[in-house]
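Heads up, there are several structures right after this.
What follows is a pair of complexes built around subunit A, which joins subunit B in one and subunit C in the other.
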Partner chain A sequence: MPLITYIEHNGREHKVEVPLGHSVMQGAVDNAIPGIDADCGGECACATCHVFVDPAWLGRTGTPDAQEKSMVSFASTAQANSRLACQIQVTAALDGLVVRMPEAQH
Partner chain B sequence: MSQPPRIIIAGAGHAGGSAAAFLRQYGWKGEIVLVGEEPLPPYQRPPLSKAWLKGEAKAENLALRPPHFYEKQAITLRLGTRVTGIDRAARQVRLGDGSTLDYTALILATGAHARPLTVPGHDLPGVLALRNAADADALQAALRPGQRLAIIGGGYIGLEVAASARALGADVTVIEREARVLARVAGPELSGFLAAAHAAHGVRIVCDAGVAEILAQDGRAAGVRLTDGAAIAADAVLVGVGALPNEALAHAAGLPCHNGILVDLEARTEDAAIFAIGDCTRRPLPHYDHRRHRLESVPNAIEQAKQAAAAICGRPAPVPEIPWFWSDQYDLRLQMAGLAFDTAVSVVRGDPRAGSFCVFHLDVHDRVLALEAVNAPADFMAGRQLVAKGARIAPGALGDSGIDLKSLTG
Partner chain C sequence: MLGATDHPAWTTPLAALDPSHPGLFQADEMWPYFARLRRDAPVHFAESPFFGPYWSVTTWKDIVQVELNPQAFSSDSGFGGISIRDRPKGLELPMFIAKDPPKHDEQRKVVQPIVAPGNLARLQDLIRARVCHILDGLPRGETFNWVEHVSIELTVQMLATLFDFPFEDRRKLSYWSDSATSLPQAGGLVDSEATREAIFAECLGYFTGLWNQRVNAPPQPDLISMLAHGEATRNMSPREFLGNLILLIVGGNDTTRNSISGGVLFLHQNPAEFAKLKADPSLLDSAVPEIIRYQTPLAHMRRTALVDTELHGQRIRAGDKVVMWYISGNRDETAIEAPDRFLVDRKRARQHLSFGFGIHRCVGNRLAELQLRILWEEILRRFPRIEVVGEPKRVFSSFVHGYTDLPVRIPA
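Up next is the complex of A and B:
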């Protein structure tokens, strides 16, 4: 299973294996990793699963669709490498992915 | 001998399940016992009227956490078990099997139940409600192509079911008591737009309609008779006329309840050792002069779960959020934020005819109170920040799609 590193805003790292086909959001929620709220359960409706994708990995996470782009670009802490974790599907190519969480999701 | 610290959560729904997870995230080391009346571990209700009803979601997608989560996090699940009483002096709850369990802190997360109809025939087979997974399975079984479904109540659940039922090929009539659908929860602009969208998808909507009785044939529901005498034939009847808080347990324990268990911003009841979260509560709203309100939404359940877990673990209270929720009907994604208590002016931004717009509700001082976005996620995100800031914006500027909302959020 691909290994994903989640880094909390305070710097605490969590390395977990996430099953193929799950989303990066599920990987955090299912392993009780703080910093991803996922209010809408992955419907791309809430933007409380906002993460910063490590620049080295950005290309491999795919392109956000229009809905995600509008949501995430208006998040209060949005950056160029912002993504919604529920919209990133875990594939073998993402083994080693590193994402960082913003200070708050609201 | 002193007992090890133990938190008991009564109700294993979205709020209760989230509270258990947050308690561990925030460092609670003692026991956590999650007691739930339903046979299932915590699951998400929003899909029950949407993807799940249409057969587009699997059971594992409904689950709030995977099955192994609870064991890994040392959260004890007591499913199929009701909490039947609270002894506040002894700090003890009584369970359905007659046993008792001591608590250090108790979190009430009992949710709400569908408001029942009282008209003749309300208890006939074929009269359905939609609150839990069992209800959703029964409703799904009644939705076959060509089957006729009468929905009493044009609220969010009624309209979502109407859209899903149409997708399954059923014939749908919505019966609404008020002059428009969503009368209690949305502005007239959104009501009008959605009524037209449902009509375009073949849903018949009857407003200003009182229900006199549920008609029966061969001992089953066969239609609805309105107070004006009209009869609407149906193979099944869904009652979606709102939800009532499950507060009997709290009430019997002497905790103040008034259309919801009264709590503060730490989700604490009058008893310092008892918290209440989710649909069963009535809570203060910091962005609206701390007025008390009962919210029925997943984001509220999660926010209050955090409040209670933070208070129990001695962490600072989370920053107050703007109430919001979402709904999906056909190809429409609705996102609502804020509460339009004192609306003086409503402004439409975008073009309803193009199917993408946002209605902003302002008070007399042009303060942005609330918004309703239809296929307009950027306006929803920006608007939510305007509400959080209590921003005052001239209605003309808000309504001008040429002006970037980002420039207004400051």
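Up next is the complex of A and C:
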């Protein structure tokens, strides 16, 4: 299973294996990693699984669709590498992916 | 007591079923009507003597589908806005919650920084000091109205801070909020639209004074200054300024107020849950969102169909009024396990519809949670329990789901 590194805002790292086909959000929730709230359960409808994709991985995580872009745009912590973790599907190509979390989800 | 299937909610022909009657909510009797609709007609058409023809959307999945499709389901005040009751023609109230993209997005982004993580962190100590002050001033061993003494007081204090509003005049905020949402038929604050407009004029006049101060001063982190300096809001018409004020006042006031009252009621009704929370206050992580789910302080949001569309097998036509009943979706057994139970340690308690989903999701959701969390931390620290000693009185409304009276007693 691909290994994904989640880094909390305070710098704490969590390395977990996430099954293929799951979302990066599910990987965090299933492993009780703090910092990802996922209020809507993965519908791209709340923007509380907001992460910053490590720049080295941006080419492999795909591009956000219009709905995701619109939801992310309301987060005051948004940056150019912002994504919603529920919209990133885990594939073999993402083995080693690093994502960081914002100060808070809202 | 009537058996489940003898209740009128289960025996009335579907075509005659109207879950929107404000009297049902005031009597707390709407629950079986929504259970029936979720089972038998999840997307359902009805005629209301108060609100005219409308569709009810009652399940979690269908509600999310409507939320995520603002292209087909508009929030625009020009079509009637975001509540089941159309404002009278000529008295529309433009505000960003009742706009579609791009205007909604632009105006929302002006006020969004008020709830940014850094600002919330800055507000924490102030909220705690106020909560402690209010709780320490409550009588012991005698009956008082929790709504008046705690729920309203705490939320208007918060709102006054967010607006940088003169503190001694803060009760004007709850007065304007209640005036904006009262139905003339309720026999309360507002007996006609003319009365409401007169109260609105007073509200607009007061805030225009604040606007004029702020627009000529450097930008400050309060809502009026943000609106006065924001690119998308600084040239609003007076009516649009009023609309956005009413949005921020009602949004920051009524909702948290009723979740504060609801939490006291639910923890009284569920003593085993209160005992769990008392033994382990860290359960507030889930208890706070559970209170917000269980209360659902706004029972619905409304949209207007812009195009003919199909939803759960029903043909909705352009121009139809579509009501997403959050209060029903939050009790949808296909989305939430044992939804009728109030559980302070519920798994994934944050998955509820009370804040809405999609682009109109509640701006203040984390501030609401912060206020409730601090309040309950301090209640648990001080009081052995809060007893509800009489029947709560509820609001005559199918939009604002809340209380006017909650008689309580804190043991001496």
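Note that the second predicted complex is superposed on the first by the 106 of 106 C-alpha atoms of A that agree within 3 Å, B and C clash if a C-alpha of one lies under 4 Å from a C-alpha of the other, contacts with A are read in each partner's own complex, and residues count from 1 in each chain.
We take it that a contact is a pair of C-beta atoms (placed from the backbone, for glycine too) under 8 Å apart; a residue touches a chain by one contact, two chains touch by 3 or more.
Keep in mind that what you see is a predicted model, and the values were worked out from it rather than measured.
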| First (subunit B), second (subunit C), both or neither touched by A:E43 | both
| query | Is A:Q67 contacted by the first partner subunit B, the second partner subunit C, both or neither? | reply | both
| request: Report for A:L58: first if it touches subunit B alone, second if subunit C alone, otherwise both or neither. | output: neither
| query | Counting only touches as set out at the top, which of subunit B and subunit C does A:D30 meet: first, second, both, neither? | reply | first
| said: Which partner chains sit in contact with A:E103 here, subunit B, subunit C, both or neither? Use first/second/both/neither. | reply: second
| If you stack the two complexes on chain A, which partner ends up touching A:S76: first (subunit B), second (subunit C), both, or neither? | both
| Which positions of subunit A sit in both the subunit B and the subunit C interface? | 29, 37, 39-41, 43, 45-47, 67, 70-71, 73-74, 76, 104, 106
| Which bits of subunit A are touching subunit B when the two form their complex? | 29-30, 32, 34, 37, 39-41, 43, 45-47, 67, 70-71, 73-76, 104, 106
| Residue ranges of subunit C in contact with subunit A within the complex | 64, 67-68, 101, 105, 108-109, 112-113, 115-118, 120, 348, 350-352, 355, 357-359, 361, 365-366
| If you look only at subunit B, which of its residues touch subunit A in the complex? | 21, 24-25, 44, 46-47, 65-66, 69, 72-73, 298-299, 302, 319, 321, 324, 326, 328, 333, 335, 377-378, 380-382, 385, 406
| message | Using the touch definition from the top, list the residues of subunit A that touch subunit C in their complex. | response | 29, 37-41, 43-48, 67, 70-71, 73-74, 76-77, 102-104, 106
